[in-house]
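Each of the next two complexes has chain A plus one more chain, namely chain B in the first and chain C in the second.
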Partner chain A sequence: MVSNATSYTGSGLRDWLIQRVSAVVLGAYILFLLVFFMSHSGMEYATWEGLFGQLWMKVFTFVALLSLYAHAWIGVWTVLTDYIKPVAIRVTLEVLVVLSLLTYLIWGIVVVWSI
Partner chain B sequence: MKKNRPVNLDLTTISFPLPAIVSILHRLSGVLLFLIIPLLLWTLQQSAFSEEGFLNVQDALTSTLSKVIIWVLLSAMIYHLIAGIRHLLMDMGIGEERKSGKVGAFIALGLSIVCAILVGVWLW
Partner chain C sequence: MKASETKKVHFQIYRYNPDMDKSPSMQDYYLDVPADRDIMLLRALLMLKEQDGSITFRRSCGEGVCGSDGLNINGRNGLACITPLSSLKQPVILRPLPSFPVIRDLVVDMTQFYRQYEKIKPYLQNDEPAPAEERLQSPKDRAKLDGLYECILCACCSGSCPSFWWNPDKFIGPAGLLQAYRFIIDSRDTHTDQRLSELDDPFSVFRCRGIMNCVDVCPKGLNPTRAIGKLRSLLLQHGS
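This part shows the complex of A and B:
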């Protein structure tokens, strides 16, 4: 069993599963936004603001942000683990990535719930 | 272990099979998408908070340079999505053999190129 202090869940199998569940959420969110953009050419502010003003869209965005947080952590962690061999540099980068993602998560929640 | 094993780490002399290229592009696009998260959040914040911000963003997006940037980012996003779907299919045992893996990689790459062209048509 793969177990690591810096990975998202500390368990390789759980990381694997979360990476896939979050991928499906993000895929649905991106496809939804793409369809929305393509079906609203010449978009106006009222349409855009109206979309994010709806409760379901706020919840959808919130779940997508949580998924992005986990997905990016697991993905970047995998890349760093494979290519950055010196432990000190790798852990430093991992901590920076996690702190950035946490900042983005809180920033995103603040943005979504104040629209 | 033999000490004098042949080592070949010169990347320019290694021939990458198609699935390897699809895999490394999946990683590259993923890292790129991670790096642009603040840009996306900032754009959402600007565009959804006030009509003035919305118009500013809309205005900024009309230049050729920003269209090229959006084209690259959207293409990377769609590529990452398609390569991700291929991963999910492989988890189900579809396309993970040597031959079918090559076919899957070819389809993923081909589909992404078609999508990138369509995104370009849509943007311009």
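This part shows the complex of A and C:
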């Protein structure tokens, strides 16, 4: 058993499962947005607001943002633990990544909930 | 051997003696080999050693059973003793197994690799009282070990795995994981839960990204990626 303090959940199985489930959520969200934008040519603010103003879309966006937060944490953490060996540099980068992700998450929620 | 009966083969061999050399280098060698028949790469290496006694490599059985002569041959890991010379493009470039610390020339330090193997406890563990003769296994249960027990620990797979290159101290690697699965599904082993619990961290199993280099190079035709997939399924059943 290899212990680790900076991985998303500390469990390999949980990280792995979350990364797969969040990938499906993000895939569905991106596909949905693509179809929506392609089927609404000449987009206006009203169309956009009409979509994002609805509660189900807010929840869908919130779940997608949360998925992005977890997915990117696990993914970037994996890359950093592969390639950055000096502990001080790696942990600094890991903390910066997590703080940025947290900022994006909160910012995204504020934006979507203010519509 | 007459010249007409032989052909010349060009080799480039990684040379490094840490006691003498500042850095490793590639050295050119030319060897006359019989034109009318094929020889294995190991045979060619032994002939080269007659030319230059300082070339260092491991070998033992010479028939793909002991796993001593795992090398990087033209960029691909394999066993010298079962690689026909005719199958190789010239110059034949020979390097030690990638990422393993070099002891000298083509001989690498396998300590880390064996340490990972040791971690998975590669022996049967059974808490039930031992029977008078032996622990029996049905032919069906025995068949589950096919494709797993044949591993000869040559390290060709782990030496071709980037996840093992970057984290050889934390990721068990394809060879060790193939054996982990071999003992977990053995009907005679009763430590399945403990074995699985010891693997549930972000490195031991889950550092595998499934790129299948291990499957591509295994000289015994085994499939560590499939075993790792089965381990993941078992961990999911065990942990959910």
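One rule holds in what follows: the second predicted complex is superposed on the first by the 112 of 115 C-alpha atoms of A that agree within 3 Å, B and C clash if a C-alpha of one lies under 4 Å from a C-alpha of the other, contacts with A are read in each partner's own complex, and residues count from 1 in each chain.
We take it that contacts are C-beta pairs under 8 Å (C-beta built on N, C-alpha and C of every residue); 3 or more make two chains touch, one makes a residue touch a chain.
Keep in mind that this is a model prediction, so the values were computed, not measured.
Novice: With both complexes overlaid on chain A, does A:M38 touch chain B (first), chain C (second), both or neither?
Specialist: Touch status of A:M38: first partner only.
Novice: Kindly classify A:I115 by the partners it touches after superposition: chain B alone (first), chain C alone (second), both, or neither?
Specialist: first
Novice: One more residue to check, A:L17. First (chain B), second (chain C), both or neither?
Specialist: second
Novice: Using the touch definition from the top, say if A:V91 reaches chain B (first), chain C (second), both or neither.
Specialist: Touch partners of A:V91: none, neither chain B nor chain C.
Novice: Touch check for A:N4: first (chain B), second (chain C), both, or neither?
Specialist: In the superposition, A:N4 contacts chain C only.
Novice: Per the contact definition in the header, classify A:T81: touching chain B only (first), chain C only (second), both, or neither.
Specialist: Touch status of A:T81: second partner only.
Novice: Looking at A:M57, would you say it contacts chain B, chain C, both, or neither? Reply first, second, both or neither.
Specialist: neither
Novice: For the overlaid complexes, name the partner, chain B or chain C, with more touching residues on chain A.
Specialist: Comparing chain B with chain C, the partner touching more chain A residues is B.
Novice: Help me check something: in the complex, which residues belonging to chain A touch chain B?
Specialist: Spelled out, the residues of chain A in touch with chain B are 20, 23-24, 27, 30, 38, 43, 45, 48-49, 52, 68, 72, 75-76, 79, 97, 100-101, 104, 107-108, 111, 114-115.
Novice: Can you tell me which positions in chain B touch chain A when the two form their complex?
Specialist: Spelled out, the residues of chain B in touch with chain A are 27, 30-31, 33-34, 37-38, 41, 44-45, 47-49, 51, 54-55, 58, 77, 81, 84-85, 87-88, 91, 122.
Novice: If you look only at chain A, which of its residues touch chain C in the complex?
Specialist: Touch list, chain A to chain C: 1-4, 7, 10-17, 78, 81-83.
Novice: Could you pull out which chain C residues touch chain A in their complex?
Specialist: Against chain A, the touching part of chain C is residues 162-163, 166-167, 170, 197-207, 232, 235-236, 239.
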